[in-house]
Each structure stands twice: as C-alpha cells, then as structure tokens.
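Next come two complexes, and both contain chain A; in the first it sits with chain B, in the second with chain C.
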Partner chain A sequence: MVDIGILLQILFWGIYAGCIYILLATGLNLIFGVMKIVNFAHGEFLMIGAYITATIFLISGINPYVIILLAMLALIGIGAVVERLCFRPILGSGKLNEIFLSIELIYIFQNGAAMVWGDEWQSVKSPYEGIAVPFGSLNLPLDYIIIMVVTAAILAALFIFLQKTRIGREMRATSQNRKGAMLVGINVERMDVLSFGIGCALAAAAGTLWVVSGQVFNPYMGSIPAVKAFAIIILGGLGSIPGAIIGGLLYGIAENAAAYFLGGVWKDAISFIILIVVLVFRPTGLFGESGE
Partner chain B sequence: MRYSVLFIVIALIAAACIAGCTQQQAQQQSQATGGEIKIGVIASLTGPASNVGKNMWQSAQVAGDEINAQGGVQLGASGTKVPVRLIVGDDESTQQGGQKAATKLITDDKVDILVGGYSSAVTSAYQQTIAEYKVPYIVTGASSPVITHRTDIDTSYVFHHCPTTDSYGEYTITFIDQVVRPAVNKKLGASDDRPFRLAIIYQDTAYGKGVQTAVQNTIAKNNLNIVLVSEQGYRMGESDFRTPLTVIKAQNPDAVYLAAFPNEGAPIITQARRDIGLDTIFLNVENNDNAQFYKDLGQYGEGAIIESRFSPYTAPEGELATAQENFKNSYFAKWGMYPDMMGASTYEGIYIAAEAIGKAGTTDKASVRQALVDLNMPEVIEAMKGGKISFTKDYRESQFDLWMEQLAYDQSAGECRPHIVWPDNLKVTGFTLPSWYKPGSA
Partner chain C sequence: MIITRDQGTKAITILTVAVAIIAPFLSDNLYLLNLLSLMLICIIFASAWNLLAYSGQGSLGHAAFFGIGAYASTLIATASGITPYFTIFLGAGVAAFIGILIGLTCVRLKEWFLAMVTFGFAIIVQTLTVSILAPMTGGWDGISSPRLLSPSIPGYQFIEYYSILLITIATIIVIWYIMRSRLGLAFSAIRENELEARASGIDPVRYRLIAFGLSAYIAGVAGALQIHHIGYITPEIYSVDLSFWPVTYVIFGGLGTLAGPIVGTIALTIIWDGLKMAGITFARYVIVGILLILVIIFLPKGLVSLPDRLKEWWERRNDTAPPKTGRR
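Here is the complex of A and B:
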C-alpha cells in the first residue's frame, strides 16, 4: 500500500528539483531560440551564479534571495561578454565550431572558478533553514516553498518581458525568423547579446536556488545539470519556452518518482528513457515545431 | 718491524679495494635507479573526489620531503642514499581518467612504484594496466576487497594499505550491536530481543555495495538481532538525497549507516535532519573523517558516529599520538590545513614504498614486489595490528586497529568535533544518544 503522504513529499521534492531544471533549461532554450547555437557550457553559468551568491552571502550576510538579483545582473554582463567575444565571431560557421567552443568554455570556466574559489565542495546555510510550514500531514521546509515562489516569479517576469515589451517582441520575432526580423529593422545582434545575457541570468538564478537549498557545489557541478537541461529542451521542443517549463517539471518529478519506486540509481536513467520515448512518438519534442 | 710495515700497507690496500668496491657498488645502485626513485601517486585532483584526492597528494609530498630531508632512501644495508621524486597522476575521479593517469605514470614517467587510488570503481578500471606492466602498487584509499581479491586479472603486484569495506562494515555493525542497540533499548525501556532497525544509504559503486554486503554478511554470520529496514542506493556524485531519505524515514529506523564519500555524506546528514526531520544516529565510514566533512556538517553532525583510524581532530592516547601530531603539524605548516584519513594512509604508503625499495636494494619491480611481500616495518602514524605494517600472505592486505568516534558540537569551533567512544581501551568518553534522538518503531 503506497502512503499518500510519502507520495506528496516525493512530489514536493520533484517540483523543487524541477524549479532548478526549469530555470536552467529556459535560459538554454532562450539562447537556442534566438541564436540557434548549442552551448554545452551553460551549466557553468549555473556554477558561477552559485559561487557569486555564496561569496556575496558569506561576505555581506545579505539575504541570499536578494542576492539572486545581483547574481543575475552579474551573469547578464558575463553572458554578454561571452557572446560578444566567443560566439558572435563563429556564428553561422557551423555547429562543430559551436560545440568545440562551448566545450573549451567548460574547461576555462571550471578551471577559472577552481583558481578563484578553490575546488573544494562548499555549502552555505540559508537564513530560513530549520523553518517548516505545516501542510496537512507534511512539514514543508520554508526554503523550498520560497524557491518555488521565486521560480514562478522569475518565469512570470520573463513572460511579461517577452509578451509585453518591445524588446521582448523583437526577441521573439528574431527567434521565429531571423532574416525576417532583420528585414523589418530589428537589430538581431542586439537580440543575440540580450538573449544570451538573459539566458545566463536564468542559469545564475538556478545556481542561487541550488545554493540556498543547501546543496553542495564545486567548480565541476554544472556538467550534469547542463546535460539534463539539454535533454529537457529536446523533450520540450527546441526553442519552446513552455516546453522547457513543462519538461523541467516533468524531469524533476520523474527523477524523484524513479528514486522512490525503482531506487536512486535510476534517477538519471529515467530522464533519458522519457526523452527516448517522447522522441520516438514526437520527434520535435512536446512543444516543438517541425523544422526547428 | 718490516713485517709490521708490510702488514699495514697490505691492510691499507685491502681497505682501499673494499672501499672502492663498495663505492662502485653504490654508484651502480645509484645509476640503476637513475639517481632518483620515482614514486607515482594516483589521486583524484579534480572531479567529485578532489577534496580527498588533494589531501592524498599533499600528504604524499609531506612524506617525500621528510624522506629527502634524511638524504633519501638507503638502497640495501650498506648502499647509497637516493632521493625520491613524486609524480602525481590525476584520475579526475573517473575510470577513464584513472586509466589515463596510470598509463602515463607507467609508460611516460616510468615510475618505479605506485601509491594512492581512492575510488574503488576508478582503481579497478586501471588494474589491468598495473597487471600488464607489473608495477608494484600500494593502494591507500580504494577500500573494496575486490581490489586484491579479484581473479579475472593478476593482482599480485597490488598491495592494500587501508581497511577494506569488509573490515569497517563488520566493525561498525559490531559497534551497533554492542553499544548502540543496548542504548536504544534502554531509552525505549525495551527488552534485549527487540530487533534493532538499521537503514543503509550507499553509493552504488564497488565501495558502497561492498559496505552493504559486509553489513548483510556480518548480521547473518553472527546471527545479530539487527534488521535492515531500508537499503537505498544512489549514483556517485549525487547531491540531492531527499527522496531516498524520505523513504528511509518512512521505515522508522533506529539508525542510518552511510556508505558515502565526504561530499555526499555531509549533504545526506544535513538534508536528513534539516529537510526530512530524520533525527537519528548516522554512522559513517572512515573516509569521512575529513576536515571539510566537519565544516559542511555544521551543527547537524551532532551525535553522528564515524568509524576511524586517523582523524584531523583527535587521536588515541599513546606513542602514536605524537607521531600523528607531528604529521598534522608538518602538513599544516606546508598546506595551511589538516590532513584527513586517506592522506594519512597515503603518507604511510610513501614510507612503505621507500622501505620496500630500500630493503630490495634496487628498483627492479619484481624485487620490490618481493620486499613488499616480506615487509615487516614498524607502524608509522596509524595503529596497526601487532604494531607492525605487513601484508597478509593471501590477499596482501595490511591490518589496522580501528575505533569509533562520536561527534559533539563545539561552540568555539562552530563545528562538531570527534571523541573516541569505542573500544573500551581507547575511548575517552562513552557513547550517548542525543536528547533530540528519535528511536524507530515497527
């Protein structure tokens, strides 16, 4: 007999994990949607976001949920520099160049972070740790509820930005048809910088939430989440923001359900099993359109 | 008189000849070693196990410096002293990285002997290369007995200088049976026939499964009144343990045994107590006796148990306490931090390598292997059975004296600190159940 209380608890952990995946995958998809580039170093932006948050928190003691804004701003800047110096020169020169460039960036960021912060595992403690909110038979830690609310707020802000602002509409237009966007006078290179910066900022937000949830981090932490983010955007549909959100949530819940029903060693495998099954029946992903 | 002069002249000529021969022999020995002894150290300098790996490499360097400060390794009883040179190979905490590191050290750097190896899964992956090139290898971290028990390849050049998962699995279960179980029964007011409810969370590798198997075998072999209520595996390097811990909590355990690396063990305990509300006793494998582990645990480590043989923060009283203190001080002076257990056994591994090469009088690998087989050197900084380091004739394993520590929160340090609670001849205080401890129920 399966205990409903335990299932609800597992669902809660799944949604929490999904929040990290959603932010990471949405950023990756935003970049892919506009620039059509494959950036395997996206997980490294999560790692840098985590370190920036931890460093500011340990130095200043500022609430880490406030630092998330600083981390996102910092990563917008770092992302813009990376786009301008690394990706723009090779844009359109072939996928192989993008792949090799992003792999090189992984090593540069990982070793750079190891030089700056050391490669020891680290963790920080949230000011809200130990506070739980009763919910039926469950005691839900406050931090995870805040993480879910913050994720929803960031996604809502992104939605408003993309739907209601001129720059957001220009970004969507560039994503839908780059040549058409150029023909109507949209500065697509500006959209590239913006989308790359915002994508990195979303990864930084994921890194901050990773840190405040008390998970350990080191310079090599970004690789596995990045691989999962790629699987999520393929599952949800390349370039589709709703696809990244649904895919991220699905992965978070599926991983934790697999850990419960099948054992922890199936946690990663289940994500890729789902990916294969979806691609067999819907090769463009859940929300993808043919031709992308 | 003339005879006396003649005798003295003959004696001088003979002495000169003997000295010349000895010098020539020493020169030949020195030339045979290339003027230095090359010791390869395989450690995880990058990847998930880098914390422990760096500690191993840094400890090896402390040993190397000490040996060279004494003039090096004396080859044979009357041979010359030759300095040691340590060369590190980063296994990147992966099997592929381990293969690359071992191959490079053996074929490019042409090391005379190897020391190190942390993850059993990683070490197993390159054992074929060790067997092929027949390089003596003193494993100081990988604890799966498979390392020297496997029969699919030749392991005769591999020597195990760390307790195996069999040893500490058995030791920890004995401690639970003799100390923790009675304490829990006393708290509950239960009779001795109440089965102790133990859960295991283990890394799904040769190391974690080795501990799991040792626990199962020890309970079965000794017919102990301990029941395994939950056995949860996880992937190496995992950082989110909330779901398996939720499953464990649902089974109401009296204690949880972790077969984890320090970067996994600290999050497991923290998430269990902070997020899941699993207020129980957590028993840890010795590799977690690591300064970073204490730092990461914070106050959540209170009451936890570590099976140990070397700690950065405590030592059993006796002669070895001074030796351990000297090592910790040398390490701190060089690296500004404290060594951990894997560092301690790697430090000893370098001394064992030096002793074996010194006894062999050569770096010829077959001779060095034989010297390791015949080894009977005094313990260095860790307590060994009989006070001597030697390898068993069957599986070439050295035999350690172990102890159990319980962690107590130290307000001044802002971290927990260990206190030896078992066995009786070493303990400084008794095992206690924390006030917040919640025993399990069926």
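Here is the complex of A and C:
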C-alpha cells in the first residue's frame, strides 16, 4: 500500500511542475486566442528566459525572484521582434506553414543559445536552497512554495490586465472576433505584437522559475515542455485560461505520479498518452469547441 | 492544383539520377560515398513525409516510423538470418501497420492536432523501446544490426551505394505513380477541399489512412536502409531532430511536389556539409534556420518554384505591359 505521505509528496511536486506548464500554456493560449497561430517554438522562449535569469544572477547576485521581471521585459522585446519579422508575413497562410516556421525558429534559438552559452547542462543554486518548511510529515522546499506564490501572482496580474484595463479588453475583443475588433477601431496588429510579447514574457517567467528551482537546463530543454503545453491547451480547450490552469496541474501531477509508479522514462510519454487517449474519444479536446 | 508537371519533374529526376550515378566515379573518397548514401536515404525519408503532406496531413513524428522500420528489420534479420535486402521490406511492413493504427486515431483530427499526436507518438515509442521492450532492443545502449553486405566482399561499399540508389529510384518512381494515379488525385482533392472531395464520392477517412500507411511504409524502408548501412541502432533514432529533418528538406525543396524532397535534400546536404567542412558547428543550424524562414516567407513553394519565379520576374522586367495579377 502506498504511503499517504508519498502521495502528498507527488501531489506537491506535481503542483510545482504544473506551475511551469501553466505559465507556458497560458501564454500559448493568449497568443493562439488573438493571432490563431501555432508556435511550437514557444519553449525556446522559456529557455532564453532561463539563461537570461541565470546569467544576470551569476554576474550580479541579485535575488532571482527579482530578475524574473527583467527576464519578462527582455522577452517581451524578443517576442515582438519574432512576431514582426517571422509570423506576421505568413499570418493566415495556413497552420502547416506556421508549424514549419516554428521548427526553424527552434533551430535558430537552440543553437544560437548554444553558441552564446555553450551546450552543457547547467544549474544555479537559489539563495533559499536547503531551507524547508515542515508541513505535516513532509518537508517542503521553500523555493517550491515561493514558485507557487509567484505563479499565482503572475496569473492574477494577467487576469486583472485582461479584465480591467482598456488594452486587455481590446485584446479579448480581438481574440473573440478579429474583424469585429477591426471595425470598432482596434489596431489588431498592435494586439498581435502585444499578445505575442506577453505570451513570451510568461514563458520567460516559467524559465526563471525552472532555473531557481535548481533544475538543470541546457539550450535544448524547451521543445518538449512547449509541446506538452500545447497538449495542455488542447485538453483544456483552446483559448480558455482556466482550462490551461486545470490542464497544467493535471499534467504536473500525472507526470510525477508516472515517474514514481512506472519509472522516470515514462515522465514524458505519459503526457502524450493522456493526449492521444483524450483525442481518440473527443477529437476537439476535453472542453474544446470545434473552433479553429 | 496538381503540381506534378511532367516535363520539369522528369528533367530534375533524370539530372539527379545522373549526378548520383556519376558522383562516386569522381573520387574514391569513401567519406563522400557514405555521405551520398545517407543523402539518398534522406531523400526516401523526405519523400515519404511529402507523400503524407500531399494528402493534407502534417506529421511531426515521422522518426517513429523510421525507427520502427529499422528496429523491426534488424530484429527480423538477426533472428532469422535472412539478408537485410529482404527484411527491409518486412520491417517497413511493421511500420506501415503501426502507422495505420496511429492513423486511425488521427484521421479525424485537424492538421496541427495531428502534428501534436505524431510528435507525442515518437516519444511514446522511444519510451516503450527503452522500458518494456528493452530485453529485445537493448534499451538505451542499442543493438548491432546486420550490414547490408558483408565487409569481406571486395568493393562492398560501391555495391551497397548502388543498391541504395536503386531502391531510392524505385521509391521515387512508385511515389510518382501514386501521385499521378486516382489515389493521388484523391489525396490532393482531400487536401484542397474536403467537402468537395466528399461530394464527389471520395471517403476522406479511408484515403487518409491509405496515405498514412504508404508514408509509414516508405519511411520504414528508409529507416531500415540507414540502420543496415550503419550497422548499429539506438533509441536516438526516435529523436525530435530526426522527425524535423524531413519537414525541413521538403519545405526547402517544395511541399507537395515530386521533385521537392529530392532538390531540398540535395541542396541542404550540400549547404550543411559545406558549412561543416568550413568548421561551423552550432552556427550552421542558425544559418540554415534563417535560410529556411526566408524560403517560407518569400518562396512558399520552395526551391522548385525558383526557376518559374525568376522567369516571371525577368519577363516583368522586360515587359512594359502591366504585370500579371496574383503574384502568389
């Protein structure tokens, strides 16, 4: 019989892993909602974010949880450039073209990063490493708790931005009906740049959290989390941010459970098994409508 | 839009064949011979991917079928002692069978959901190979695979090269035949407009499954050939990289054309190994990536369409008459 403590541990680690997926999936959802594009290179933004944080942290020693803001700002810029140069020219020319383009972006970013930072696995020690908070029979690492709090704060800020500000409302209008938004005078191309930038910033936040949790990283780390994030938004429903949150948590927990019960190699496979099983029975995803 | 224009296609194919036959005579360089063999195998692999794309489906996990064909052929050849020249086609049969099974789960999905499922499928197959199937496959360490020809035969590299060339040409002829047949017409009808295809009595599900099976079979042939050529197989064969290569070759050459994968593979191999000889390692991915993005944006039909585009541009320059409408 499995110990209840171990189950709690799996749950806790799953929620922590889910935080990174939630940030990635939410960003993808935002981009997909507004621009209707499929960007498989989203994980590369996570990787760049991770490296920016690690580099600034190693040089300056600033608390990495503060650097998260710098990394997000930097990635808004990079995202805007990528959107402007690569995705806007092919907007509306078909999903396959977008997938091809993102594959080439993956090559460029991964190997560009390898040229700058080298292709070895690296890791960074968080200032709070080793501090644990006792919780019942468990000792929870302080870093993981901060990561959960930071994720919740970022999501709350995004929610307020989308609901309460004018730009946020314009963005939601664009995602609901692009032509209608154009007709009422919203600059949809600006919304494209903005949503792409914010999506990338969320990926950078995920990358920063990846680094501070003490996980190893290298230039090739991003592609599989990104595809999993896509699996999450397919399951959770395209364009639905609550769906992305639920899906992200589900994936985090399922992966950790699979790694514990079946062995570490199953960690990646389990996410795709879930995806395929769901799609066999519901070709549009768990909560999906037959939209795009 | 049926892109197989016979004249141009034929010319390019013949040219390719001629180059491929002449090349090894130009040098006794075994490195070059090996490179050309691998290039031919990549042409088969890219053509297989292209055939699937011809029916309007995009796969990001073709390494799965490449690898399944390779493993199946290796295991059959090792267990039975039959020559790899025969087991290649048996192994590819296994790949086709599994391809149809995964196709069954995919045929009702939209094109990029399909890309997700196939991507995940390659990862699942890799996981199975190193866990449950490890006693057979040797896990992460891999197993050795029987060579196409025993190295004791004099000049075996040349015979091997020509047999690979023969299989490549045969594959391209088969694909050419498929594209020109009613089957190919059905594929492009589904790709262009599924509703109209249905209205004219084409069952999209059935034809998509056929395309999946055929494509997986040809990818399996390519995988088995490569592994019997190298003589060793590891689960690295299911890597994401290998799934992305055929996509890159095909979009560089020209999606949905017979000559596209051939031209794309040859051109990229030259660029790729040229950069390697120049001592560029990581940067060549960046260079090729940027090149490919430029092709996607400015030459959406690939290198194959370059002569036409140049001709069009030349005529427009020399003509004072107003330009024809519809640049793309």
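Side notes on the structure shown:
Keep this in mind: the second predicted complex is superposed on the first by the 287 of 292 C-alpha atoms of A that agree within 3 Å, B and C clash if a C-alpha of one lies under 4 Å from a C-alpha of the other, contacts with A are read in each partner's own complex, and residues count from 1 in each chain.
We adopt the following convention: contacts are C-beta pairs under 8 Å (C-beta built on N, C-alpha and C of every residue); 3 or more make two chains touch, one makes a residue touch a chain.
Here the structure is a predicted model, which is why all the values come from computation and not from measurement.
In the superposed model, A:N256 lies in contact with chain B only, and not with chain C.
Applying the stated contact rule after C-alpha superposition, one finds that A:P127 touches neither chain B nor chain C.
In the superposition on chain A, contact is made by A:D268 with both chain B and chain C.
Of the two partner chains placed by the overlay, neither chain B nor chain C lies in contact with A:G168.
Contact with chain B, but none with chain C, is seen for A:W13 once the two complexes are overlaid on the shared chain. Within the superposed three-chain model, A:D119 lies in touch with chain B and with chain C [touch as defined at top]. In the superposition on chain A, A:G214 contacts chain B only, with no contact to chain C.
Looking at the shared chain after the overlay, A:F230 reaches chain C, while chain B stays out of its contact range.
Note: residues 114, 119, 224, 263, 265, 268 of chain A belong to the chain B contact set and to the chain C contact set alike, using the contact criterion stated above.
Contacts from chain B toward chain A in the complex involve residues 46-48, 50-51, 54, 204, 232-235, 237-244, 246-247, 250, 262-263, 266-267, 270-271, 274-275, 277, 292, 296, 298.
Interface of chain C with chain A (complex): residues 53, 58, 60, 105, 108-113, 115-117, 119-121, 123-124, 126-128, 130-131, 240, 244, 247-248, 251, 255, 282-286, 288-290, 292-293, 296-297, 300. Note for the complex: chain A touches chain B at residues 3, 6, 9-10, 13-14, 16-17, 114, 119-123, 125, 129-130, 132, 139, 141, 144, 214-218, 220-221, 224, 256, 259-260, 263-265, 267-268. Listed in rising order, the residues of chain A touching chain C in the complex are 38, 40, 86, 89-90, 93, 95-101, 103-108, 110-112, 114-115, 119, 223-224, 227, 230-231, 234, 262-263, 265-266, 268-269, 271-273, 275-276, 279-280, 283, 292.
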